[in-house]
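Heads up, the next two complexes both have subunit A, just with different partners, subunit B and then subunit C.
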Partner chain A sequence: MGILDRSEYYDLTRTTNWSPSYVTEDELYPESMSGSRGIPMEKWEAFDEPYKVAYGEYVMTQREKDSGAYSVKAALERSNFVENADPGWVSTLKAHYGAIAVPEYAAMTGEARMARFSKAPGNRNMAVYGMMDETRHGQIQLYFPHEHTDKSRQWDWAHKAMHTNEWGALAARHFFDDMMMTRDAISVSIMLTFAFETGFTNMQFLGLAADAAEAGDHTFANLISSIQTDEARHAQQGGPNLKILLENGMKEDAQRMIDVSFWRSWKLFSVLTGPMMDYYTPLEHRAQSFKEFMQEWIIGQFERQIHDIGLDTPWYWDEFVRALDETHHGMHLGVWYWRPTVWWNPAAGVSPDERDWLEEKYPGWNDSWGSCWDVIIDNLVDGKPELTGPATLPMICNMSNIPIVGTPGPGWNVKDYPLEHNGRLYHFGSGPDRWCFEQEPERYQGHLSFIDRFLAGQIQPMDLNGGLAYMGLSPGEMGDDAHDYAWVAHYQTEQRAAS
Partner chain B sequence: MALFPLSSNFEGDFVLQLVPVDDEITMDEVAAACAEHSVNRRVRPQAGKVMRVRRHTDGEIFARDMLVKDSGLMPTETIDIIWE
Partner chain C sequence: MTSVEPLKPLRTWSHLADKRRRPTEYEIVSTNLHYRQNNPDSPWELDPDIHMNKWYRQYCNDSPLQHDDWDAFRDPDQLVYRTYNILQDGQETHVRSILDQFSDREQDSVFSQEWVETLASHYAPARYVFHTVQMVSAYLSQMAPASTISNCTTFQAADSVRWLTHAAYRTAELAKSHDSVGFGENERQRWENDACWQGFRELMEKGLVAWDWAESFTFLNLVAKPAIEATVLGGLSTVAQQEGDVLMTLMCETQLRDAERHRRWSSALVEMALTQDGNLAVFNDWLDKWLPLADAAIDAYCHDLPEGSDLAQSAKKKVKDFHRQLGLG
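For the complex of A and B:
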């Protein structure tokens, strides 16, 4: 029997829809799950994904991708790259796997929501591939770090992190639960696939792949590049749904979903990807600064895509562009200062050469962020390490669930954006974070941040050790300086020369 | 006497921090408690200057001998600690 060319059957099969006879359309597609917003079925049948694939092609391509990534891993295992890599880069790997691997399984659930409940048959078809993509991403990103679990218990956090109350895991879960676990199918397609995946996974999976290749980590570079080819396909589910929403007078709703999801994605990446690119990656292997990556991938590309679809630039764009010089520096300093509370060893990244690089990429860095690091460095040089670690907790944003930071030093601008709601005082790290909350307060109001839990007595004893135990961090898992403070020697030499 | 959590925004520092205090201490004592978590950690001391406590939202500077319980501050409300 001859095999039909894809073009001869694709359009027919991808628009094939159910004609329910035993149940009503509303029973088959409950509004809370499908999110069709009153737009009739025939409009959703116009869904036209720009990237077309049939099941046979999908399976063949995915097999080749897996073969490539697993082959590179197998071939390079004997080179012992991780044992010989810069500890800062190793920290990048540990942080990445813990933050990303298990949420991939959650993303599979988000894809499943579209695969079952989207009224657009083409969306359901693409989401089936998306489900399988995300399952692959979860499996492969647990398998690759597993070979290292005998080197350090921190590697085990690839699987463990998302099952704990570690503060970063709380932040990631709050975000992912909001974007992809608790929304209707159409919202998932826009908030997860369009805003998060089109906008931001490029940063993590292509930007970081560039750094990995520079660092000689071809295993990781191949892995995350392989993942990104899937992302590039299934991220295109949001665009056609946005088009349908806009054609049916739903621009305001669509814009709000983009604005919420984009800001929330940005804040998560400011604490995850920013420190990796500007502080953990060894200086000689940095392809671009975090800000330069953001300017290229987000400002250059994502903003254009928004406009092409007929949406507006998010209302807070000026604040977003300004924050590219600020937020991730604060997140990095906070993660390093509260380093026992993370599952990787943060690299300080503030040797004299690295500070020169930071000053070049972020003019004024030495006067602002450097002013805090100067005090930390003095304490390390003077043998007072107890002053370089946590004695209390940072205040946590009730939207992003990460610390509330701003620029230190002479241009000090740290600001809280509080909101009193139903008798409870909430704290936010920015105007857009508070705005996100105000869009759907009933969605967010019950969540307790790490600080809220601490003050509610859920964390006992109420001290650092109690906090670490609550977060599931034991000795051997909690972070310390990636380079065991070797970088301080530069400053000790300087001080001796000066005295 | 009751434990009263405040959010400390210390001039020159980069982060808000949780500082639980007794509600019967003065604003000077609040400033000192907040300084413990910023000065000589990430902020240099400023000799000859006094630390004052300011309500974050409206800029009201509290009298140095005002007690926390008389300040009208809400639990976890953010205060600025500024050099004067």
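For the complex of A and C:
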């Protein structure tokens, strides 16, 4: 007879729901953790994961994947790629590891929420593989940067960042904790696996892998594309749950979860991935612009998936599409200007050639963002670097916890979106950010942004140094210009020629 | 801005830098990862009063079992994801090989009817009990106060899927040669109604809602799993040997290797907790609460097995011996 085909026993592995009698069903699956929304247990048993894997296949495949990723790392270790790489690319690596490694490990908790509390047996099994995958992603993305800790104290932040109140780490925690750590099992499957992983991890792990391959960083390219193969599997837990919600008349709820998670994901990517792709990655290695990647992965693919499943494009889609031309430029300008407040060295990415590229990819860039950079460049050329750094703090959005930005220049649209709620005034970076808050204000109302804490006197002394100390940033960790301002030489030459 | 000397690069993460030796791969990738433990007032970066912040404050931070530094816990096996898969892929290759061999021998068709019925009543429904172990393990992964503990329970959850998969596989295989006893059809009904499973079902249902992380650990790893392993794996394996079901014996052996690993880290965790005053009484109170249910579960499961009374005595003794080794009870 030989070995049975997986299909002959697979259904039995997910025929594991039973009717409890020593405790009630509601005790076994508390609504706050389970999120079954009154849909009966047997309806959840229709959950059918599109990607099926049995235990033996999982450990075999994953062993092979790890073998590949670790072998490439070992083989290329002697080439000292990172020591010789462009500093802008090194900044991408530092930012990536600090913002991604520990949150990926934390995603294990979101998966575990489904593994324990989902009423769909197939979901519970798949989520155990998801727990394992996220353990992998945390561990491998700590192991790879660890070898660089002897190069700069900034590499320590691959592990340290999420344990600090650095503003970017605080924003990342607020996002991840909202989407995956504090939600019921069904919400996690939709907000984390469907909206975030199906939509956005492609951007970080395939888009950035393309840039990494172009840049010759085969270790990183290989690592993150290997990670994405796991994401592609466990991201498929949201779809079947969405189907069950829709079949049971819960479209409105499902749509709201997608809309909140999508917008929040977008804002995080605008500050993290946008600058990496359009400013830090050396010009000659940019596979596509951030906007082009977003158009391919998000607008091209994710929007189709939303429609296929019977949901609508989020209500703010026009604003989102418009923001693809804007938001990340403002975020980048802010991160570079407040560079001591991050754990990597932001690359300005505004040499004349780079500006030509930006103008081509984002027509009008020179008149808007370029006009701000002109002031910075003039100050650097004039030997006044002190005028290119922060003396104050930016306004921070009470939803995204990142700076409130807009477009400068002739199309000026910098605007606060305030909301008074229970006697407190909140500030938001956009209408959709404010809308997210209004959906469930109780989740956010008692949270203090970095600026709220500053104004409440929690950050002492009340100046930039106090802020840096609160963020856990010391000299040796604080960011500065990635290329040590070497790019300014172009403009000094230009100015000398002009005079 | 400041004249402080820039921090010098280190050879490892700053939180491991005061160790005299170079950290192991295990330490580099496993330690101090639960950022939710940093702010006891608001584990999650949202409104401090949301439900999940209260849940973690109550069931993790305010557990009766206290330790000053849970992050100091280390898995004695130092398993990381990479090595877990190497270990278990090896084990699964072994399992595939024995499944293949015994299938070629058409062993299932020569079993006595009595043994086939025992497999249908006492083995095939085990996938439910293994699944409950999987669920509690997953709960512990999201609630434990240190990443080094969560990692052990995550691997334990995966091992539970392994045991569940083996049970499902054998159930499907047995259904092919014995279509009259309801393999693959009656397990839920047996799990919900058969006398031999009601003790374990009561134990697991009540344990599944023990929300305090340390009580959940005590319930699962010190009581329920040892009881299940002494009966559904060890006890049944003994009977299988007498019945000439070598395959069952070999399958149980490979699963018990996982169980031994679970006990190694559980023992290390208990040992670490007992260094703190007051924890012994906490453990013992929980053992007093859960052990009677486990004993009853063992008795019910063994009742209809050949020499069931002896099996039950032996199983209960194994559970208590484990506690004695740990200095508990």
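Quick notes on this structure:
Simple rule for what comes next: the second predicted complex is superposed on the first by the 496 of 499 C-alpha atoms of A that agree within 3 Å, B and C clash if a C-alpha of one lies under 4 Å from a C-alpha of the other, contacts with A are read in each partner's own complex, and residues count from 1 in each chain.
Going forward, contacts are C-beta pairs under 8 Å (C-beta built on N, C-alpha and C of every residue); 3 or more make two chains touch, one makes a residue touch a chain.
Bear in mind that the values here come from a model prediction, so they are computed numbers and not experimental data.
In the model built by aligning both structures on subunit A, subunit B fits alongside subunit C without clashing.
By the touch criterion stated above, A:Val375 is placed in contact with subunit B alone, subunit C being left untouched.
Our angle of interest has its tip at the CA centre of subunit A and reaches the CA centres of subunit B and subunit C; in the overlay it is 140°, to the nearest 10. Residue contacts after overlaying the shared chain place A:Ala456 against neither subunit B nor subunit C. In the superposition on chain A, contact of A:Trp18 is made with subunit C only, not with subunit B. Shared-chain residue A:Ser152: touches subunit C; no touch with subunit B. Looking at the superposition, the partner that touches the larger set of subunit A residues, subunit B or subunit C, turns out to be C. By the document's definition of touching, neither partner reaches A:Ala497: not subunit B, not subunit C. Applying the stated contact rule after C-alpha superposition, one finds that A:Pro394 touches subunit B and leaves subunit C untouched.
After superposing both complexes on chain A, the closest C-alpha pair between subunit B and subunit C lies 17 Å apart. Interface of subunit A with subunit C (complex): residues 1-4, 8-10, 12-13, 15-23, 27-28, 32-33, 54-56, 59-60, 62-63, 66, 70, 102, 105-106, 108-109, 112-113, 115-116, 121, 124-125, 127-129, 131-132, 135-136, 138-140, 142-143, 146, 149-153, 155-156, 159-160, 162-163, 170, 173-174, 177-178, 181-183, 340, 442-447, 464-465, 468, 474-477.
The touching residues of subunit B, when paired with subunit A in their complex, are 5, 7, 9, 11-19, 36-37, 40-44, 56-57, 74-78.
On subunit A, the positions that touch subunit B within their shared complex are 330, 333-334, 337, 369, 371-372, 374-376, 379, 387-388, 391-395, 403-410, 412, 414-416, 418, 420, 425, 427, 451, 454-455. Those residues of subunit C lying in contact with subunit A across their complex are 1-2, 4-15, 25, 28-30, 32-36, 38, 44-53, 55, 80-82, 84-86, 88-89, 92-93, 95-96, 99-100, 103-104, 106, 127-128, 131, 134-136, 138-139, 141-142, 147, 150-151, 154, 157-158, 160-162, 164-165, 168-169, 171-173, 176, 184, 187-188, 191-192, 201-202, 205-206, 208-209.
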